[in-house]
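Labels for the chains are A, B, C and D, by order of writing; each one numbers its residues from 1.
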């Protein structure tokens, strides 16, 4: 009589610890067994994974469920790409309450998301929102994001309030995340280039030199160190950022760096080619930056890869200056990382799982429930066909966006099944999952302070 | 009408440059096409590689075809392990002519080997053999090995003659290889420990401390630098060796380091467990050395992995002091490296191919004929099943040796077909190849001097 | 018949290049000869320098002639200490014109100073003062100072305007100087500590951690690099500052670091002991910082030593929070540096002359007119008695301040004569010089851009 | 009534700790007081040191009292140069007993030397002399020298016996010193160059490349580390040696490096100019080596400066190949170091005293009796006139040699009085001391093992 609900049979199971030929037994929402040869008779259903990889579902800790993809939509496009957990940024704009915002995102997710999720709190007005930080911790939100740039948009937090936030968050053993670019200096460059009459496209990258990103990384980590606060640097885009990160690690500082597929694989040529569609911040840089970031990912300088999924309504030919920042990324992230990283020989397959599943889950206290495949883990997994050749196209993606920065990129390897907590969400490109079952995950960063 | 002799269909082709879903077309002895989808009708035979990896045959540049495995035997055991090219050490002992020795090895190989091969010349009496070095170059032998240890066996070359050899070899744009251990210092430690009554097993590793290996690496590279000679350091066994190698690379010296599967995966516990069987030089060391060597392999400090295959007639219980040095390695090398390296997440799959196929072939001037899969390359390849679980056992290996240092090691991944120049040598564990077709390969190291 | 006005006879002449037993011949305002043995008959006057050192007059590039010592007063106290050239900070406060300010300082100096001087322009309102920068260059002022701290005093320039200033100054091949402390973060710490009820004295150093100084150094040098501007960092006070400075130098950036005698010899114990008198910014730190700064001075990380002379009206027991920043330094600087540095074995005597005379003169384009003793140099020099033991006391100094941070410090070595352009200004503690002869020196930093 | 025998009045006392204006009181053989102002009435004699430096007598740990200067002669020439303690090398050639040799040197010294001395034992035949090492320790000899070069002269010790010596010496907590050059490799180069017909002078430096010296340093320190033995490297001559020394220090190994005035100030141009007179080993190298060695001395990589005084009977025009190695150095060493180092701004005056007095005394366990000026120290001192200009000439030196490598060098600074244990040995160039009062000093290196 079946004691398992499901057996995934014949595949190569990949975790951060390595690759093994194992069958995976699932009962209810969890993985219960991993063994070389599970008797098919034990399960109601057996999925043939011969020739496939079985990966933990991707934990994408950098998503924005508010633009062309709302809470529901982002979970659909994510699931199609092999992502099973997201940590969304919930931004409280000036005048908005932090807790209100977080509760609204949570409720929205519980109602519409197909996938489990956690939240980062984003603060645009630290002075007035800081008081709600302890309440956010009680709710299960332990990471807090501010911008060191975009002063003209009124998004920027200055060093006084960034320090204040770090002080309070450190007291609660949380994590501060910063968008690290020196926004006042980039604003000066922008104004200067505008005065000189340069085109918006031409000046876009030039006004955001890598040194201004590395400077902000160094500044944020210095302030965090002074306040005793753990620090997370999303979307490192430049070789120059690796120097302060390596220095911080060598000194034992609590600083953790992320990069994104787009910064590992695309360059300013993409910006030139795609125009406003490729307007993202930080900007795409050079081939040398790509290579240095891969190296940083291989050697542990960078610990996570996330998507920064933020599809916006824009066209390639839109006025570059006025166009909004952002691009769809969550559906392509595993595919692009697998193709460029594993097929390209930049990182090993277990390292891929480390930086996309295990390390993000560990950092935010979701591990081993999420981020790995082990008895007791949530049965969040992806079946991966390493031989499937296909071409990335906006036309076939499931985002609300009608563009992708990878348009036309030929890749090998594709997800053929995405499962969350034992339930298949996407199978062979067909959406099966339904909203209403997602869980809100409380993060926990106290372990960073031990 | 078939214009190809063979198509290998549906596999993932792995080279040092990356992983691709490609069919491989073979005509005669060479690869002629690599394409996503070759029409099966074009070939007389189609091999189904679905779910398999297609690797270039391993180029093992460190083999000794003179002990339990002779020229024929070593090619059999090698082919079973996915090796298709070897560079054998042909040692000229005192009183032996260098050229005579090389010719004897060459003729022996042409008659008995199933696999293509090249030769390193080994000199035990540089003073009297040095004059024949230019003739060796004419014959196609461009690498010359001496020992910095084993003085008691009369194998050691002192610094005077090592320098002399480097001088002459540099003039011919060749490579000197050295067994790097300070043999006089290890001899003193041996004599001291013997006087103290320590057991041979207990003192074996202690008398060969890692610093004496690193010292010899540093000495050889200093002398080579002075003489302008390219230098190859086989079988680096210790973390301590990486320091001089990194220093040499940082300074742009022509120094190239090898390690072996046994130094990456085994430790002195193996020596304690297997006794005389595990007597090899340099000795197996510690887990920390394993880890450091993997790191050195990943970051490019070490450029090649070779086997040092030298099976000897001995038993675990033999007197450790009298037992000969050496172990069988060639058949297990790819399996062990794949399992521990790729499954274990130490190196990427393309990096595995780099260090076992591409880099050895490049270093000795055999690339791109050997060491990769590209139009025009010899069709030397291995079909690899990444899911096959098995246990390494002496009983099932094809060496003349009745032992292996990996006895009982459970691994995932196995070769299922080995081909050389379009001819299948081993298929599903069955030997198909025949002697009489092997080619002697002239090496060429002139490119190291550009 | 005398062809020289003066011979300084029998001394050891010290320059940045070394120590020599030379007589110094002066005619008019210049040194004309240096020779082992000048005939005394050639000069109207011969000064006996047996047992004495003959040093170039100190070039102090960091002085504030506006507090207890005005333009005249500061030149008196400076001359008593062996200083012969100063570069004063002329600060244009909000609402003040840059050029007006500079002209006022220049005129004041020409009228009241006993010593030659140049000027740095200080900007408190870059937005409105930036337009006058080119005019300042025309006037002979090529260095421009802003504060990265003291926001509460409205002295701080933000990164936007600091970048703007660097842009304009780089275009003129000038130098930007910054007070490097992250003022917003220190303000947060101050407010926090005030809320916690800590005493002003206790929190003073704690609210200005070394990392916030190093951060500002890194930030300023990053912005300067982006704008292609040469950068000067006055009064480095912490070991932590050396890391970014060394990194900048290793990368070939145009960044030049200064420290002051107080940061080399005093610690927070001085602050605790002297209370408000020792309130200076950056604050005095630890013995380990002293040692690291000496090391940085010896190895070239720091290139200049200057005084930051800014005596203010305050008493030890004044409310620490309200007390003004600053201390008298110019008269003691050479004595303290000689005693602690040369007698203390921290730096060689020629290195002392390099960092206090030669390098400051070179950096600001005054060399070899100032900063050395060579034929053609201005006869600006100090006779130094290396054996004179004395105790530093406010009571015997010539500043308007009635305190010194070195009160009671026993030292060996003292100036016995100070001369500018051939005219004795101070002799054996007696003031001889008169105002009305000072020259305004145009600086020139174009050489930094070659 | 006088309670002191002597007061040295009015000078600047220099020790490794710094420079002070102090009078020095001597009673019997020892310094008993150092004070700013000793009452002249307290002493039978007062020496006026106004304008003078008072230095501890130099401790020269590298001397050979067997060539043109015998035990008596070397002490005369040394005393004229400000040296008051020497550690002589007592070489036991093959067939000679170690203890016999040491006793002969000791007795010879007690009879003929004017200065206190200790001994290093030199072994040419470790195999037969090793057994006497423990007896040498009992006699007060704790350092043991072997050569890694000069195989043709039969001076070389191979790695087996060097290791053996290190083993025994480590057991006694002594120090092994090695002449570090790879002698077999230099022999090969010599033979090669001879075959090519190069002139002896031309090939002399070329056959001893710096890398072969650095190699030997690395080898010796590796063997010493393995055996747990403290190691001393005399006469480092090359920039290349600093890398292994720095590495050893960074790793906490017990390795101590010496250099000599000749390697800091002279180059192969001297060899070309002076011919056979400048034949010394290691050879004089380049200006860049000089500079690197000064840097190594300033930053602590090198800990001592010694003379390697070994004047031989030879002429500039002698056959270079046949001429013996060595030059007179002991009389000029302090003068040359003072002029080039202190006057030249390479090192501070206290650092000079550290490397020539304090550190050598400390290393060999003679401190604080020797190497400093403190109450209780032996009254071994030098009065130094920093203003005396003179020219170094063989004609005026007191060695038996009629040459000096510094012939014609103009220097500033000279000793004007040398005293040992309260007795004046040389005063104003006049020898006053007499043999028969020297003491044999037992060294002690046990502190290196703590």
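Definition applied: a residue touches a chain if its C-beta (ideal position, glycine included) is under 8 Å from a C-beta of that chain, and two chains touch if they have at least 3 such contacts.
Since the structure is predicted, the reported quantities are computational estimates derived from the model, not experimental observations.
J.: Taking contact as defined at the start, I'd like the list of chains shared as neighbours by chain A and chain B.
T.: The common neighbours do not exist; no chain touches both.
J.: Can you give the whole-Å distance between the Cα centres of chain B and chain C?
T.: 65
J.: What whole-number Å value describes the gap between the mean CA coordinates of chain A and chain C?
T.: The computed centroid separation for chain A versus chain C comes out at 51 Å.
J.: Centre to centre, by mean C-alpha position, how many angstrom separate chain C and chain D?
T.: The separation of the two C-alpha centroids amounts to 42 Å.
J.: Mind pulling the residue numbers of chain B that touch at least two other chains?
T.: Residue numbers touching two or more other chains: none in chain B.
J.: Kindly provide every pair of chains that touch.
T.: Chain-chain contacts present: A-B, A-C, B-D, C-D.
J.: Which residues of chain A touch chain C in their complex?
T.: Touch residues, chain A against chain C: 158-161, 163-164, 167, 182, 184-185, 187-189, 192, 209, 211-212, 214-215, 218-219, 222-223, 225-226, 243, 247.
J.: So in the complex, the part of chain D that touches chain C is made up of which residues?
T.: Against chain C, the touching part of chain D is residues 10-12, 16-21, 36, 50-51, 298-299, 342-351, 354, 386-389, 412.
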